[in-house]
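Right after this note come the structures.
Next, two complexes with chain A in common: one pairs it with chain B, the other with chain C.
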Partner chain A sequence: MPGSIKDRVAIVGMGCTRFGERWDVSAADMIVEAVYQAYEDAGIETKDIQAAWLGTATGMTGMVLSEPLRLQYIPVTRVENACATASDAFRNACYAVAAGIYDMVLAVGVDKFKDSGISGLGDGGAPGPSHAMEAESTPPRQFAMLATTYFSKYGLSFEEGKHMIGRVSWKSHQNGMRNKNAHFQKDVSMDTILNAPMVAWPLGLFDCCGVSDGAAAAIITTPEIAQSMRKDPVYVKALQISMAPRDGNFNTNYDFLHVEATVRAAEAAYKEAGIKNPREEISMAEVHDCFSITEAVTMEDLRFSPRGKVRDDIENGFFDLDGGLPVQLDGGLKCFGHPIGASGLRMLYEMYLQLQGRADELLNPGFPSRQLANPKLGLTHNLGGSPDGCAIFVGIVGLPGV
Partner chain B sequence: MTLPEKPLPGINADTKFFWEGCKSQTLTFQKCEQCGYVRWPPSFICPECHSKRTELIKSSGKGKVYSFIVYHRAFHPAFERELPYVVAIVELAEGPHLLTNIIECRPSDIKCDMPVEVVFEKRSEEVNLPLFRPSFPK
Partner chain C sequence: MAGIISYGAYIPYYRLPRAAIGKMWDAKGGRGEKAVAGFDEDPITMSVAAGLDCLRDVDPRTVEALFLATTCAPYKERQNSTIVATALDLPQAARNTDFANCLRAGTNAIMAALDSVEAGTLKSVLVTAADMRLAGAAGEDEQDFGDGSGALLFGSNNVAVEIEAYHCLSEDLADYWRSHEDTYVRHWEDRFGREEGYMRLPVEAAAGAMKKCGLKKEDISRLCLCGANLRSHAALAAKMGFSKEQIQDPLLADVGNTGTAQPLMILIGALEDAKPGDRILLVSWGNGSDAIIFRVNEEIDNIRGRRGIKRHLKIKKTLDNYGRYLRWRDMVDIAPPPRPPAGAASMSAQWREHSTALPLYGVKCKNCGTPQLYLSSSSTRARICLNCGRKDEFEPYRFANRRGQVASFSHDFLAAGTDPPTTAAVIDFEGGGRGQFNMVDREPDECSVGMKVEMTFRKLQYTQGTHTYFWKCKPVRD
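Take a look at the complex of A and B:
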């Protein structure tokens, strides 16, 4: 069908490094690590790649990729779209194959933050000339306001709201501790989460993800070639981007209770994939949990939970690994980590492994299985920016015929 | 050890009227002469109807807390001595949403929708910064 990516391209190989504090390696080393995993997984070599897309928030030009991989003069496009960077690199690579220009391409995401000297993502910049009141704007502030407004408008006491968002992070730690490639692998109790130092009230330390070093890669081809290469390729069902115009600054009706761009991208993705009831039809998801409240609100924006009702689903374990719709199966940004330019492909990697029944390749020894029983469709979501001004990606991948 | 200075807003041709108003203890906003929309931050054309016809109105300085958070980690070293401090979006009676601080109030006493009023803090010869404090019906 023109205008839809559904089943027009397939993933035949993926790789992902361990995320974390990778003092001993460079960004180039991590690119080589992730890409050669993907080559091995797909059974191909560098010479088979016809074009590549590189997502990175920090590196400049496609040479960040061509140099370490010794790519021999093939096209490489560097993509930057904040936290949606890797997903957008993947999206463009898929489109090139769907357009019939290439039939074997590479999408890579990489970033290395831990030795850059900052512990977060900066402070929102110095006071600017036209936005004179933006000086005290940090990411924790921007997302904490979602929480304050959400608690107030839906009548949650501080204790109820704080427990709800704490439960989001607790669940991610339960998943992340099983994952040998996750940045943070500790079993963290609800008590520890609820009593952690405040960063931007009501968000405490465990309501905030960190930043990490890491890289991830995917090899994309046509469905026909994919079927000749392996028995279990993963098919792309939807790829959508929505860009917000920073309405919160200009539109006094902007409610800070939801992220409009997520709603728009999700509805477009559901239409593209032919999904009517995402709560029932989506098997699993990796979403952008830069802060715990972001994940909570995203569950409503994706129509996984009814508007204003996500607390019931969170507290009842609906999004736990053994729940009705598991979310952050690999630990999410909170535990697997967040090297901005690699995160979208890291999410996709988990969906890919789960759909192939290979999730326990990343299992920490001695822990219960991470593998879901018979997942069919997986959704990934990135939010780059702040709730009212952001780049949103929503993608869906799955088995054939779904 | 000398503490760093708090950063000051940059003033340009678009925002000059606002900071001039603050110097005389008044919040001033642009109002579209075509559709009546009162806007913030300042802009050359109306974000609602794109008209360039604009008048300046004086705000009552009254509003309510739309949303807020409490900083426990300072944005800038100069603010460290004030931790914990409140950063809020205040919805003015005239419509605009201002990002500002709530002062003269314990952070634990602040609630969404509570009434507040503007109070100006002199930061330099050029900048009277509009902050807000709880207002109680007289």
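Take a look at the complex of A and C:
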């Protein structure tokens, strides 16, 4: 169908580094590691790649990719769209294949923040010439406002609200401790989560994801070529970006209870993929859990939970690995940290492994399997910006014929 | 006839008990407390605060000049009064002037304003005086100095308070001084300044003023006498021969010595209780003495309802942590925050935004009527209506003087700040429009969705020689 990406391209290879405080490696090292994993997975070499898209929030030009890989004069586009960077690089790579311009392309996401000397990100604004009449802001402050209004609107006491968002983080840590690639692999108790120091009230330390280093890569081709290369390619069902007008801080219509761009991107993606009831039809999801409250609200924005009712699903374990709709199967940003330009492809990597039945390739020894039984459709979601205005990506991948 | 047509004042929210200073230094703390400017306040912001109180029911576009007095101007070169005038939305044609470098700068400005209006060269002049002199830790001055501001609007219609006479004596007697390289105020042996200067010059100035209009001490309803501390103030008042009932509270016990602002603040305290026909004698001190005699008219009753001195004295929070005070005043080396340093402010960008950002103008759509702010890192001017999408069909709409209520908020422990946590709040304004601002003068526990706030002009940051000012919000405390 014109206007839809559904089943027009397929992923034939992926790679992903361990995420974390990678003091020992550079961004270039991580690019090489992720891309060569993807080559090996697809059974191809550098010479087979016809064009590439690089997602990074920090590096300039496509040479950030061509230099370490020694790509020989092929087109490389550098993409930046905040936390949706890697997913948008992937999206544009898919479009080029669907358009028939290329039939073997590479999408890579990378960022290295742990050479900055600080924990967390900066204020999100580049230092340099400005009127400087905006206060310094921080991401946790902006997302904490979702929690403030959510607790207030739905009449949750501070303890009830904290427990709800704490349970989001607890679930992710339960998943992350099984994953070899995760930054944080410790078992974290609810007590630890609930009693952690405040970062931006009411969000405590364990309501916030960390910042880390990492890279991930995907190789995209046509369905015909993919089927000739392997028995289990993963098919792209929907790719949507929604860009907010960033008026939430100025427009009294905005309620600080939801993220409108997520709703818009999700509805467009469901339409593109032919999904009517996402709570029933989506098998699993990796969403942007920069903060625990972000994930909670996103469950409602994606229609995984009814509006105002996510607390029941969270507390009942609906999003746990053994729940009705597992979310953050690899541990999410909560356990992987957030190298901005890489996260979207890291999420896609988990969907890819699960759909191929290969999730236990990353299983830490001694833990029960992290592989879902028969997943059919996986959703990834990124939020770049803050609730009052952001860049949203929603993508769906899955098995053929779904 | 020229005189005062409105007044306003400001006392910072935080008060440091003198006992807390004494406790810190194992010394005898005096009685009472001193008003302490917040970490983001200075003479510019306090002048705006007093100016807002003074212009409560006055169109700022009718004010033709702003005379700002302070010995603690944030800028040595860049007109401080013009920053205040812009924030208060005075017209560009205002004849702004900085009065500086002497504790009498406040009364100097009053006399200059009066003369200008009397001469007819200016129809109305706003005088603001503010100070926050810094005293070295553990010294006597630390207990005496306080922070605050006063504002007087001079004009010739509906004059509430006339000036009958003034007498001005200037003498190069330096009891207190600061050179170009001094952070803290220096003073000579205090008996010299007191016995040779303070106990003599104000007496002569007051006598000169009273002689000019043929008044005796018993004709004076209130004596507003400046002074460094309660002890010397009481000694001078006694020497001048006024009765205790005539002495206006010099605010030394509850606010401290507010420098150039002191004469205005004492006078405003007196005006709040004044009756038509009262005569008030104001006597300032500092390298000489100015004495001014005021006569209160019937119109005084038209300018009540300010926060002034009385209400501001009650709007307060005890600062029981001396370390917090040291930090606010940058008197102690604090570990640098684990955050990237703020970039330099751009003078061209600040200039481009000054007429919207400093007076806090947004716009109102002429098509759909939606009031709206636009505050991004690159611009403060909306071009496309966020509601109906029309381009450039706006009229100016000022938010600075509007109250609002909190739509959401957070207390940010991560952001670098002089007084963590930084409280950020999204404000829905009465009459429409929304913005996100930092909140100050708040207790974290009192914040809630729906709480009422008002706007306050504060310093946002100081980077590489540039003070950047913008608006924050604070809880309404009437």
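Everything below uses one rule, namely that the second predicted complex is superposed on the first by the 390 of 402 C-alpha atoms of A that agree within 3 Å, B and C clash if a C-alpha of one lies under 4 Å from a C-alpha of the other, contacts with A are read in each partner's own complex, and residues count from 1 in each chain.
As a working rule, a residue touches a chain if its C-beta (ideal position, glycine included) is under 8 Å from a C-beta of that chain, and two chains touch if they have at least 3 such contacts.
As the structure is a computational prediction, the values presented were derived from the model and not from experiment.
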Give one of first, second, both or neither to describe whether A:277 is in contact with chain B, with chain C, with both, or with none. neither
Is A:138 touching anything from chain B or chain C once the two structures are fitted on A? First, second, both or neither. both
Which partner, once the models are overlaid, touches more of chain A's residues, chain C or chain B? C
In the overlay, answer first, second, both or neither for which of chain B and chain C A:116 touches. second
Kindly classify A:200 by the partners it touches after superposition: chain B alone (first), chain C alone (second), both, or neither? both
Where does A:157 make contact in the superposed view: on chain B (first), on chain C (second), on both, or on neither? neither
A:149 contacts which: chain B (first), chain C (second), both, neither? both
With the two complexes superposed on chain A, say which partner A:256 touches: chain B (first), chain C (second), both, or neither. both
Shared contact residues on chain A for chain B and chain C? 123, 126-138, 140-141, 144-145, 148-149, 152, 197-203, 249-252, 256
For a test of understanding, state which residues of chain A touch chain C in their complex under the given definition. 116-120, 122-123, 125-138, 140-142, 144-146, 148-149, 152, 197-203, 245-247, 249-252, 254, 256, 388
So, in the complex, the side of chain C touching chain A is made of residues 338-346, 348-350, 352-353, 357, 372-378, 380, 386-387, 407-417, 421-422, 424, 426, 428, 432-438, 444, 448-450, 460-461, 463, 466, 468, 470, 472
Once bound in the complex, which stretches of chain B touch chain A? 7-12, 14-15, 18-19, 39-43, 47, 66-73, 75-76, 79, 84, 87, 89, 91, 95-101, 107, 111-113
Across the complex, what residues on chain A touch chain B? 123-124, 126-138, 140-141, 144-145, 147-149, 152-153, 197-203, 248-252, 256
